[in-house]
Every structure is written in C-alpha cells, then in structure tokens.
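Working notes for the structure below.
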Amino acid sequence: MDTVPVLQLTGISKIYGQDYAVRGVDFEVQAGEVHALLGENGAGKSTLAKIIAGVTKHDQGTLLFDGVSRIYSAPVEASAAGVTMVYQETSLVETMTVAQNLFLGNEKLFNRMSPLNIAARGLLVAHNFHIRPEAVVGSLGAAQKQMVEIARGIHRQAKLLILDEPTASVTPEEKVQLFLSMEQAKQRGVAIIFITHNLEEALAISDRVTVLRDGVVQATRPTAELDRESIVRMMVGRDVEYMRHPAGRGAAPIPSLEVDNVTLLPMVRNMSFSVYAGQILGIAGLVGAGRSEVAMIVAGISKRRRLGGGQIRLDGRPIRYRTPRQARRDGIVYVTEDRKASGFFSHMSIVENIHLGHISAQSRLPVLATPRERRTVGKRFVERFAIRTLNPAKAKLVELSGGNQQKVVLAKGLTVRPNVVIIDEPTRGVDVGAIAEIHAIIRGLADDGVAVVVISSYLPEILALSDRVIVARNGSIVAEFDANDANEESIMFAAVH
Amino acid sequence: MKIKTVAMIALLALVLTGCTSGRPDAAPGNAAAGGTVSLTGGVPEVVQPLEVRQLVHDTMKDKRIAFIPLLYKGYKITTEWGVQLQRGFESLGSTFTVYDSNFDTDQMVRIIDDLIKSKKADALILHNPDLNVLTQQIKEAQAAGIYVVVLNMTSNQSGDVFIGADLVSMAEEITNKAAVDCKADGKNQIALINGPATDPWNVLYEEGVKTAAEEQGLEIVDTTDSKWQADLASQQAATMIERHGADLCALMVPWDVVALPAGNAVKTAEDEGRVAKDQVGVYAIDSSSDGCEGISDGLIRASIAYDQSGIGTGALLAVQQLFELGNAPGSQRSVAYVPYVVIDKTNMSQVTFACYFGS
Amino acid sequence: MTALLERRLTRTTVRSRLEALDQGTLVIGLIVAMLILGGLTTQGFLTTGNLSVVLRFSAAIGVVAIAQAFVVLGRGVDLSVGAMALVAGQVTLELMSRGWSELAAVGAALGVALILGLVNGFLVAVVGVPALLATLGTGQLLLGGIKVGLLQSNLYSVAPDAFLRRLGMGSVLGIPTAVFCLLVVIALSWFCWSYTSFGRLIRAIGDNPDTAWQMGGPMRRVQIGSYLIAALLSAFAGFLIMAREGSVTTTGAAFSPLLFAALTAVVIGGVSLSGGRGSLLGVAAGTIFISLIVNLLTLNSLSPALQDLANALTLVVAIVLDAWLHPRDEETAKSGDL
Amino acid sequence: MEAAVPLSLAMILSVAIVVMVPLGINDGGSILEEVATKGLLAIGLTVVLVAGGIDLSIGSILGVTALSTLILDRVYGVPMLLVVVLAPVIGAAFGAINGFLIAKIKTRPFITTLVTLIAFRGVAKWLEETYSSRLVVPSTSDIWYFLGQGTIVGIPTPTALFIIILVIAHLSLTRSRWGWHLTSVGSDRRSARRNGINVERSVFSAYILSGALAGFAGLLASARFGRADSGVGLGFEIIVLTAVVLGGVSLSGGRGSVIRAAVGMFVVTIIQQATIVLRMDNGYFATLLAIVLLFFAVLDLKWGTYRERFAAKLSLDPGMTAVGPLIDVTVLDTLWTVNGRLTDAPPIGLGLIEGAEDCAIDDGGHLYCGDRRGWIWRFEGPDHAEGKVFARTGGLPLGHAWDLNGNLLVAVGGMGVQRILADGTTELVANQVKRSRFSLHDDSAIRFADDLDVAPDGSIYVSEFSSRTSAAEYMLEFVECRPNGRLIRINPDGSTEVVIKNYVSPNGVCTSHDGQSILVASTGLFRVDRLWISGPKKGQLEPVLEDLPGYPDNMNRASDGNYWMSFVAMRTPVSDLLMKYPAMRRRMTKELPVDEWFVPQLNVSCVLKFTDSGQVLKVLWDETLENYPMVTSINEHEGSLYLSGVQNNRLGRLELDPEDRGSIDTRRVPMTQQARTSFSEAEK
C-alpha cells in the first residue's frame, strides 16, 4: 500500500453546536480497496462520509482527493471529482421513476423514456434487483429504495464509492449480491468506503478497517489483523459497554398493554405482543421491521384510517386512538426516535419544553399557565433528571448536548406518571456518559410500576435494558426471549431469517 | 431524413400561408339588421300619427338592447339610468337587459365580447371605466352592426352617441362656488381628491378645476388619486388637513360617494380641534339621496347635481333615433350634454333632479 | 483544537446579534429614526395632529395584524382576514338596512366570523389543507358568497346616529376610541400569549408542530382557536374601518390592501413566518412603522402607484430580513410553507 | 394514472356545465382564446409548482407586459417584431426578480410572490399614469392584428401559439434534462442537491420561465383587447391557481403536467363563460372558483396519499378464462397416473445452485445452467461432479439453447436474450422490440424472456411470458391471466419482430424436428400451439395440445423425434374455478399478501412426452416431491434426461429407458448440419 492514496484526510474536524462531530481525523483510502469505517451510532462515521462526499464542509484539516487538496461547497463538486456516495437515507427523488432516478445527474439533454427504461432494467437486474424501472420511487419500500440507490452508486463509475450502512434494510440474499457487486467494483480499481456497525460484514468484505469513537480515529489496521473482540474494544473503549440494571420488582401478572394482531400495511402485519407493568420489554429488529410503526399506532400518532385489523387493549379495555392526545390522556407516552424532528421545541428553553409537556398531559387543559408555575415544574424535572446546564430557564434546546436533549425529551413525556412508556432508540446520538443515566431513568420507571417498551437497533442496549426481548421482522413479531436466555446471535438470527 | 425535412418545410409553408391578420375592415359594417320593418332613413316627411306610431313600434319591436354599466346593483347612478331605459324600451316592445360587470373591467370586456360574438344585442349602452379600455370592443361592435351608446364616461373610441354631463363646465362651476366661500374666509388653498389618471371623469374634472382655480386665484395645493375607494379618500382627506392645516379651505372631490368619507374625515378633524369649524368645505359632484344626506349633515358643503335621469332618458331617445335613421353603426357620431345646477343646503330640495334614489 | 471550538462559540456576527434582539426593539429604533428624518424633511409630519391621524388609521391595521399574528405564531397564515373585515361591515349594514337592530346585525357579523374561523381551522387543523390555500379559498368564498347570497346593494353607508359610528369618531380618556380599542386588544392578546396554556401551545405548535402533536397537545383545538380569534378580531377591525369611513362598498379583491398591511406589520414586527417566534411589541411597532411610511409618502404627494411600490419594497426588505435571520430548512422547503 | 381521479372529476364538471348551460359555438371561440392567454400562465405556474414553488405574481406580470408592449408600440414606435421578442423578455425580467429573491435570497415563494404581485401591479399603475393618455393612437402593424385576431391554418393565432408552447413545455418538463432537474428539485431538494443538481439555478429558471410566459400572455392579451389600463390580469392568479389545482398538479411539488393544467384551465374557463352567458353576478364565479379550489386542494391532499396504491391496484386486471375439461391424474392406471419415475434421478450441483430453470449440454458433456442469482454454472462432464460459476448475466436466466455457431443463448428474465461465448463473456443479443403503435403501455422492452429456440435460418424465437410484468412478479401474471405475452423473433441481423401478439403467458418454445414450425406452450391456457414458419401454412397458428391437466413450461426435442415438456403447476378443480371468477382473484390480490395468494399447485413434478401430432406418449412424475418438487425443463442428451427446476436446489440426471432413445442430437438446430464447436474445445 505504498501507492498514492485516492483519498487522504489529515486532521479533519467538524463542529456541530457545542460538540465535535469528528475531531482531527487522519484517514486514507487506496484504489481498489474496501475500507470499512466502523463505529457506534454517533461516532462520526456519517459526518466523515458527508465531508468526503461534499455534503458538509469540514472546519479544519485538509482533504486530498486524487492528490489534490479540495474543499467542496456542494456534493456536485465531489461527484464531478469522482466521489459517489450511497446514502443511508436515500437520495432518490420520490416523484420520479426508478429509471429517471438511476440516470438523474448524468441524463442527456433530451431523454426518450423507452430506451431509458430498458437500460435501467438491465442495470438493476444485473445486480439482481427486481424493481420495475417505470415504478415511481415513492411507491417503493425502504429496501427497494436502498437497492436503487446502490445500483445507481455502482453504476456511476466513481473512483471512490462510499456506502453508508447499505445493508441496514436488505435481505441476506440481496446482501450477497451487493458484496459481489462491491467485489467487481474493487477489481476495476474503485476505492470503496464501507460504513457499517455490523462487524461481521466488515470483517467479511473489507481489506482495512478504521474505527471511530466519539469523532476520533482509534486505529486503522488491515482486516486480517483484527477480530471481533479487538474491534469492539476499539469501538466502545472498554470491554463491557452496558451495565445491566437489575429489575427492582417483578412484572405484574396481567398485561397492561396488549397488541393483538394489529395490521397496518405495508409496515405492520399481524403484530402481537403484551407489555406488563414493572417490566421492560425490548423490541429488536432491523430498521423497517415495523417496530416504530406499531409504537406509533399504539400512541395514536399514525393515521389509522387504513388499519387492517387487530386490537389494542389497555388494561383489558380495547382502545383505538386517533390522536396522540387521547393516548396521552390514558397514560400512554411515546418517546420519539427522531429527537430533532419531533422531540422538542428548539427555540424554547428547557423549562418551557418541560412545562409544555406538563400542560399537554393534563386531561383538561388548564386555562392559565403562569411563568411561576412554569418555573416550578421545570425546576423539579431538571433536578430529577439531572439535566446539566447553567440556566434552564434561558438555555435553548438546540444548544444542549445530545444526552441533555434526550433527558429533556424524556422529562417532557414523564411530567405526569404514565401507565405505558414506549421509548424508541433511547440513546441514539447520546454521549456515552449520559447513556448510563438514561438507562437508570428507564429502569426507575419500570421499578415505579410503569410498563416500559424499549425499541432499539442496538442489541447490546436491548440486552442490557430488557427483562424480556421480542424480535420484529417484516411487520410481525417472530421471536420472544427471556432476557437471561437471549444473546446477540439468537436475536439477530431471528431478525433476519 | 430528407423526407422529414421536406415535410417540415411543407408544413411550415402551409402554416405561414394559413396565417391571417384578422384586422377589421376600416369601413363600417352593414346597417343594423332591421328585419322587415321599413323605417330606415328616418320617418317619412308626411305621415299619419297612428301610422308613425306603428312604424316606430315595428322598428323597435324585438330589438335587443344591452346595458353594461360599471356597477348596477345598489349603485344609484346606474340604476337611475337603468330604470328609465327599462321602462322606455319595454313599452316599445324591445328587450332590455342589464349586464352587471361589478366594477370588474375584465368581466365587462368579456361580457361585451360575448354579446358581440353571439350577436345577442342590436344596441349596446356602455358605461366606460377608462379612456382606453373599450376602444376595441366599440370598434368591433360597430363592425358587427351593433349601435353603441356611451353614457357619461367618454372613451377614446367614439360610439354612435355619447350622452352625459359637461364635466369641464361643472368642475368650473363648483370651483367658482368654492372660490366664493374661500374668499369669504380669506383663504385660497384647495386640494383635489381625484380618481385614477386614465379615468375619463378624472381627466375632464381636473382640467375644469384647474382653469377655474386659475381664474379665481385659487391655489391647488394637493392632488391625490383615491381610486374611487372610500377608505383611501378619508385617509387622504385627513392627511391633507394635517399637511395644509389652517390654510386649506376646500376639498374638491368629483363624486359624492367618495366625498362622503372625505367629509367624515374633515368632521373628525373638526371634532378633535385640529381644524377650525367650517374652515374646510367638501365640494362634490353629483348628488344621489346619499349625497343629499351628506349635504344636510354638513359633510358636503356644496355639490353639482346633474340630470341623471335625463341621461337615462337621453339614451333611450338616442337608441330609438339610431334605429329609426338606420345609418350604419359607426358612420356618424354625436355628443349630447344634460343640464346641471349647483346645490347646497339651501336649494337642494328645490332642484328636481337632485337627491335621486335610483328608481 | 479547543481553540477552534472556542472561536466558533464566541464568534458573534451581525446576524447572530440581530437574531438575539427582539425585532420589536429594532423596529422602534427605525420608527424613531423615521420620525426624526420625516420631521426634518416633511412639513406637517411631526405634529401631534398628524401623528394622531397616523395612530387612528393604524388602529384597524393593528387589530388585523394581531389577528394575523395569532395564526402566524402557530406556523399558519390567514389570507381571509381582509375579506372578513370587509364582509363584517357589509353584513352589518345590509342587515341594518333590512331593519335589524344594530346589536343583532353586529352579532350576525360576528357569527359569520365565527363560522369562517371554524371553517378555516377545520380545513387547516383537521383536514390538513395548507393554510395558504385554505384561507385563500375561504376568503374568496366568503366575499363571493356573501355578495351573491346576502347583499342587495353595492354601497352602504353607516347611519350617523349609529353606535358603530362613535367607535370611529369619539374618544375615551382623551385617546381616540379606535386607538383605545387597539390598546385593549393588545392588552388581552398579551395576556393570552404569556399567561394562558392556549398561548403557550400556539407558540409550541409554531416552533415544532410534530413535537406538539406527538406530545399530545390539543393541536386541533388550539389551531382552530387561533383561526377563530383571527376571524373575530378581523371582524372587529372591519367595524373600526366602517366606523371611520362611514360607508362600505362591495368591491374587494382577495388580496386586499388591509391583508397586505397586516402581513407586512407582522413580518416587520418579527413574527417569523417559520412560526414560534414573535412579540406583540413587534407587531404594534410594525403597524406604526408601515402607517408612518404611508403617511410620509402621502405627505410627499407620491402617487398611489408609487406608494404601492414603496409598500411592497418595505415588505420585500422585511421578508428578506426574515429569510436571513430565520432561514427555513432549505432541504425540506416546499411551496406549502408560505 | 395518478391524476385520473381529479382530472376525470374535472371533466365531468365541465361536461355537466356544457349540458346545463346554453353555451353556443361562439362561446367555444371565446373559451379557446381565453384558455390561450391564461393557459400560458397555467403552464408557467405548473412549472413553478413542479419545482416546489408558487408564483402569484403572474397576473401582475401579464398586466405590466401588456402595458409595456402597448407603450413600446404606440409611444416609442418600436418595430412590432422586436416588441414580440421583447414581451417575453420583459416578463422574464420580472420573473427574474422573483427568482432572485426565492432562489438566491431564499425567501418563501408564497409570500414573496404575493409581495411582487402588489409591486408589479404598482409598476403597471405607474406606467399607466405616465403613458396612458398617449396610448390612444391605433396600431399600424399587421402583426398586432395577427396576434389578436388572426388565424394560423384556421386556428386563432393565440390558440395556435398556445398549443405549440404547450407541447414544447410538456416535452421539456417530462423529457429534458431541465425538466428532470426541476422535478427533482421540487420533489426533494436534498436528493436533488446530492445528485449534483444546481438547485438554485433550477428554481431560478422556473420563475424566469413563468415570467416569460406571463410576458408573452401579456402581449397576446393586449393584442386581443388593446386595453391600456393597469387592470389587465387582475385576479388571474387565483383563477390560474384553481385551474392548475383542478388539473391535478400537486401543491407539494415534483408532480404535475402542463397538459393537465391546460385541461384544468379549460374547465375553469367553461365555468366562467357559463356565468357570463347566464348573466350571473361575478360573485358567483368567485364563489364557484373558491369552492372548486378548496375541493380540489382537499382532494389533492387525500388522494395524494393513496394514489400510488390505487394505481397499483388498477393496473392488475384479472381476465376470465373458460377452461376445458380437467383430466384427473389421480385415477389409477391411466397414462397420466402419478408415478415415481423421476424420484431417484441422481442430483447434480446439489447445494450449489439455486433454481435453474433450464440447462444445456455441450459437446464435451459439460452441463451449463442458469441460477436465479444471475449466474451461469458449468458442471464438468461427464460426471458433473464439480461445478463453478462460468458466467454472470444478472437477472433471471431462464431458457437455454445453442445457436448455429455453438454459443450458448440464454433468455434472461429482465434482460432480454444474452449470448455467452466460449470464454464466459456475455453479450447482448436483443432486449427490445419496436414499440407497438397506439398502445398506452410501453411494450418496447423484452421484460420477461422465458424460453427460446433457434430456427434453421438462424433466427431466434423467444417467448415473452408477459410484456407487462417482470420476471420477479410472475405471480401477478398467473393471477391476471391475460393475453399479455408475445413470441418474438430475433433475426440473424439482430433486428427483432413480434410474431405472435397477445398470447396468454407463452412459456416453452421449441423448433419442430422438421424445422418448419415452432411449438409454443401457453402456461395460462394449458395448451401448446404450433406456429408455421415455412411451408404452405407459413404464419398460421394451429393447436397441438389442448386442455392439458397442468400448466406447461419448457419444451425440448426428444431424440426419437418427439418432444419433452414439463408442467410448472397442475390444475385443480379449485384453481379452474378461480379462473372463471376474475373479480375473486382481484379481491384476493387486494386483501392478501403475495405469499398467501391462491394459485395453481406449484409444487409438482410432471414431465410428458408428446408427438408432433399432439399425442401424449408418456408421463413421468416424482410423486414424493422430495428431490424434484418442481421440474421446469427437460433436456435429453445421450441417453440421459436432465431435469431442471426453478425452485430446486439441484439438477437431476435420469437414465432414459432404452425405448426412448433415438438418434437425433436434440441440441442441434433441426435441418442444419453445422459442426458444433464445444466450449471445452475452445478453451484448449
């Protein structure tokens, strides 16, 4: 590997708000190698990828591509230079057809559709992706979109191909195809950055591995020198990541919440499970397996016009909410996975956020909401959840760290003791220090007699938190484990087969 | 490829030769279709009274007369005309229809277009919003053999007959009246709250006021465009009072409907003591019953009443005359004015055509 | 490395300073500047009489602007306020001309406002039609529907002895009645914005509707409520205008000058079109600001055409400023959000 | 498809109006002229909406340009041709102001254009104040009249120009690079930017275009009316917006067609003309417009959510099939009786291959077969113990055959026909045919090439199972069972031709022993037909086998002059019943997920031998369904039968009974004598 690398980063840093997303990163990729970029959620993998692809600008450091120092101001410059990125959240245009999307960006001045469709079909089918090129992308499922995205990325004939979690929603069979396609691209001399948090995949396909933790490069090594344990140690910085909080009390004998054969196509299909007071139920599964969707149905967030059947019972009583407000009144709280989009009010202070959660939880809306009451409610929860900030009445939410934000989001939902809490990805984008605190809060809820559901894509978290684990696949629950019997392998097996 | 080129050229040639300009002939079209009735070229020199009556009725029978005012429903000027026309034409056996364009020029143009194209009228009576707007329509109507009578608001394109007020003279008259009051007060500043620049009414009025003011030694200190909107007029009146304060003695507003809010603004200023009582007078033109109320309330000091129902009657007569003479539409044009008189609190009840109700 | 972070955090730009400032304060500064400049250049501008005229004419605009602010704060917009103001006067006077008592006629007009507010709120909050379209449509519908279905005339004047008349003319405690009314509306709105759950929730919805919805806030009720308030306040402004002018005509366009003035006042006053931000001080200052501009232009004998241009330019400056201070998320920007 | 509902509602609305209101032929003219002017605005607004913005200032731009053109012509005496050019330029300049604010400064489209609506109208008023009195002279130019009142080949000029612009705009929006960029920007800015599209420039261009079109409309309007006041175009924005929404253009960007917008404009104008003809107060028009706007805005919202799903459902249209008598194979001791003759065939490539539909054997005895992962395996002869991936085609390799030069032809589902050369490289033989005229559905692609065989003249006959669905969606075709399939001939020069159209699921293709005809199996109709390709009956189709008890799949020649055929599925009384009730099948597809659909029994293993005249000689089964649960193709070679199955994990090799062995080389194209070059020889 003594040739000039295709890509060489030196001392790259990027700051968001008060935190470094990546910090002083040195990183290089050779032509014809598959370089795996590993790290936990929020370790800075995607940020680094976006810097390389020209989506975001770095604040510090130099980026050499093809031996030339570059600062991109738009993705188009990077792609003109020969960088193609396959995004995790796809960059397809939903109102256009698959064929149009495949050729968008290098289309002709005037395009006739039928030859285009034929070419597109050939392109897709060559990777064994069976998708109609005439289909409008908006009508495709998540996995199919990912396939189109991958087919397009490989088709673009780039010098450097970045694949950001390409396997998150594809089946094992499609994964094989993808790896083959990567192999072929590699033989053509394409450099590939393969971002994943799945270690097995990285070990299987990559030539070298770089591990990121908290935005800092831990190491870059040839894959052959590494094994699973050593990578994990580098990723989390310690051998045991999560401390398991023992349950403080037993589960109630009768379920609080029963989900019985609920169907909401296309995401949720005959989903059934029960939740008991005092117990934490972990739901594992791939993204798109219907976990969050069923939670949103329970909490009245999903529009339920097309509910395909089934029943949800709260303490034995059938419920069917049309708005989250109705659910909230019955003590059902859903804590979102997408904090930024729907978790908090970014222009309001911590106190105001918590207070708004407080008034919304009242079954009858209080007419008056004085600043004084706001302060008392806010103060109580800032203390209880140990939200660390200088001035909770002034500090805006956007200015807080991920952990503090997540605590506020939790506090906002918990001002009035709920009966059932569904927490979706409780520690996504949360700094390591706060994870334990948040886990303690969740355990505290269960010990308080609340029925808790935790949805997480991160198996160690599921294993650390849950008393009982169920696995969702394709919109249904396919397996159930007792926390003591479960291990990552068995859960993962259930999640994909 | 070659075939395609040839075909393209052929197509282009076909398209080009197929183009027509559609420019209307300068010569006026045929005379109005009068059916079998013989009364064209006017009434015979010697004729029996009964016979002539029959001839007139025959001529007017089933003639379709369309009246397209700016605004009709609840608008006293046009209803005044409309009622006269209605009564007259119905007694002669013609069909008379009002098309209300609702202060919407587009709508008006479209209505007239429709009337011309579908030949639903033998004569149009128009009330023109703007010097230029209807030029083409008037031309087209005449070319299509339809008589055009224009009421009160002139157009750059003459119809067959225009009937209305002699606005320049009226403006001079009311300015003279203002001058008398101003001089009595020892002041000489007047201001105009006018209409849009291309409004025929506005153009003539401004001319008349200017001439008279110059003669009388009055100074026009301000001119604004109220767009004929009440709220703008009142705001402008208030602003003018503030601006010119003690020196101002008259607000000239050429329409009583707009003069009323201006008068209101003056009254408010008086009530708040920003201007001396009776220092500023509002001088209007026209006087519907609302205007008269304004005069008796002291909102308008003086106005000019002109014979609104006379305009309606005049149009009625003109249309009959056009059909009886049977000249080709657009071949000859004439203009006629109606009488007017200055009114104020003292004489308004004595003037027959003042304080009309629009019925 | 930390130095870099430090720099990032301590760096203050003009933009960040302006953003931190309440826009109301900024506008008040501009007003003062304009008063000084105007006083120096324009005769008859800086007189108590003139300023009281300005205030009296701003009263109605101010009320409509507050009405608009209620909706804009919750990330909506109400384009039917202008139509509502006009229709309030029309309905009242038409019914009075039919022999209704003044009180009953006013009540009927308020009833129309109630229905309009509910319909707007229903369309936006329950059905989910973009606010712009919904209110554009209902505004048109209201103007056309009332005209076709109710009105029998094109021109109405207020009887001189009517109570409504006094609303425009008289004064309370030395303040012109209209201005007094505006002050009352401001006071009530301030209370509502700061001290009631309703007010807090409007702001929350404006800040992040998804969060507010998922949190279980009574979204629909609050949104409907804000449109209802907007419609009622607009009707009230309609009464003020009618009282001032003594007459009402029936010709009105969808984008009436009143709607425009109110939008301008709201945007200039710093109520961000991306919702969640804004103060009453800003709205009031914005109202006075635009009234002063119109007054200055009129005093300097600018033609209405040029006044329109100047007005539009002011609003352009305001929205450019708003776009600069509170950029919307470019990535997700759609035609739906204003 | 997706706009079908709003548009058909709109059409119903206009028809209702035309029927109810006495609109005459003259109104037609007025309506057309009106549509021409406002239609230009509608095109502009559609383009802006597709780009994710909105433009309310179009009416004002129209007004300003209308006045400007008059001023240029009447006051400054600018040559008329230049004015014609300048009008869109002036409009574009105003559009550029919008574009600058929205694209560059990033202000909000709605409020920005609402402001410019007032500002541009202000400019118009100012022009009016300044110039109006000088505009009274009539025009001297013929062009002026040509634009306003003239005709082009009998069509009024404005209408003709509008139609031309409409067509150009439609093509640009749907086909051109610019249109694509615009659509992507309107649909999803982030994606557009990541695809290297200059978002700012695209948005800017949309406003420029909308301005230019409004400018041109202004020219037409002033030529038509000659109005010289500032009120031209007042309130047009709402009318046009309503029309565009009515035409199903989405307000959330990325979706919309100018043609549909023009239709919307047409409907709105009909409504307007109706109110004028009926002498209704213009309040009625405003009210109607508002109701229509609200109604269709709600429809856009509600319909938008489901339209794709709805469209997908409409696209599946099961047909009714009359089925003949069913042979009961469970009756003992008949020709058809289920037996276990195939069960013990030794496997080839067990565990390596996944679903080989067909196979081929070369002179060296090496076996080649496709795999549903898009690979072509090669198993070394003569024992076929070792196999490796020989070539990669992608797609679903289905039918195999040798061409005249000894190369392997593979019909690949999704990719057309591929040729595999001796070194394992692949080349495309054909993947498209000429699009059939007057077909709404684009059938130019060979989507689902299923089986193929070569005729003596070297042309290749390929069956296409369906020209609508792809190979991966074969279940849809099973359920729909309509004549969507084709038989395609690929001539030796590479050109393609459809020889049988509208055939129900053609599957197996086999050249007859005499080389005079091609046998085609129709899976959906349980039959085999013969297409004569030479001789007196050339071009005719005649039945060979009818009312088979199963769904026929691939066919191949047998060495004794007969033919082998396999069944992909068996008929049952229930499946026959279902064939009669398309509504039932449609309902099934709506309410059940694909893997729960009821289709004919797919796990069968049935092979039969038949003669040229259609007599069934022999039927072989694997009654256990363990080793060969599905046999989709039978290839005979040197005394062995090779069994392939598209869902099997192996191939099978069955020793033939001596009585079945003949002397014909089944792989060779009948009536040809070319020496076969073997892949294995080429390697040496």
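Note that the chains take the letters A, B, C and D in the order they are written out, and that residue 1 is the start of every chain.
Keep in mind that, in the parts below, contacts are C-beta pairs under 8 Å (C-beta built on N, C-alpha and C of every residue); 3 or more make two chains touch, one makes a residue touch a chain.
Keep in mind that what you see is a predicted model, and the values were worked out from it rather than measured.
J.: For the interfaces C-D and B-C, which has the higher count of C-beta pairs in contact?
T.: C-D
J.: Which one chain sits nearest the middle, judging by mean Cα positions?
T.: That would be D.
J.: Sort the other chains by how far their Cα centres are from that of chain B and give me the top one.
T.: A
J.: Measuring from the mean C-alpha position of chain C to the mean C-alpha position of chain D, what distance in angstrom results?
T.: For chain C versus chain D, the centre distance works out to 51 Å.
J.: If you average the CA atoms of chain B and of chain C, how far apart do the two points sit, in angstrom?
T.: 37
J.: Where the CA atoms of chain A average out and where those of chain B average out, how many Å apart are those spots?
T.: For chain A versus chain B, the centre distance works out to 72 Å.
J.: For chain B and chain D, let me know how many angstrom lie between their CA-based centres, rounded off.
T.: About 62 Å, centre to centre.
J.: Counting only residues that touch at least 2 other chains, which ones in chain D make the list?
T.: 128-129, 190, 193, 234-235, 253, 281, 283
J.: Where in chain C do residues touch at least two different other chains?
T.: Residues 303-304 of chain C each touch two or more of the other chains.
J.: What residues in chain A touch two or more of the other chains?
T.: Not one residue of chain A touches more than one other chain, so the list is empty.
J.: Between which chains is there touch?
T.: Once each pair is checked, the touching ones are A-C, A-D, B-C, B-D, C-D.
J.: What does chain C use to touch chain A in their complex?
T.: Its residues touching chain A are 1, 4-5, 8-9, 194-201, 203-204, 207-208, 210-221, 276-277.
J.: Residues of chain A touching chain D in their complex?
T.: Interface residues on chain A, with respect to chain D: 53, 55, 74-76, 79-80, 85, 87, 90-96, 100, 104-105, 107-115, 117-118, 121-122, 124-128, 130, 132, 134, 136, 138-139, 173, 176-177, 269.
J.: Would you mind writing out the residues of chain D in touch with chain A in their complex?
T.: 2, 171, 175-177, 180, 183-184, 186-188, 190-198, 250, 253-255, 308-309, 312, 373-374, 394-396, 412-416, 431-432, 435, 442, 444-445, 447, 470-473, 593
J.: So in the complex, which bits of chain D are touching chain B?
T.: 24, 26-27, 29-30, 34, 128-129, 132-133, 135-136, 138, 142-143, 145-146, 148-154, 157, 225-229, 231-232, 234-235, 272-273, 276-277, 279, 281-283
J.: Which stretch or stretches of chain D touch chain C in the complex?
T.: Listed in rising order, the residues are 49, 52-54, 101, 105-112, 114-119, 121-126, 128-129, 189-190, 193, 230, 234-235, 238, 241, 245, 251-253, 281, 283-291, 293-294, 297-298, 301.
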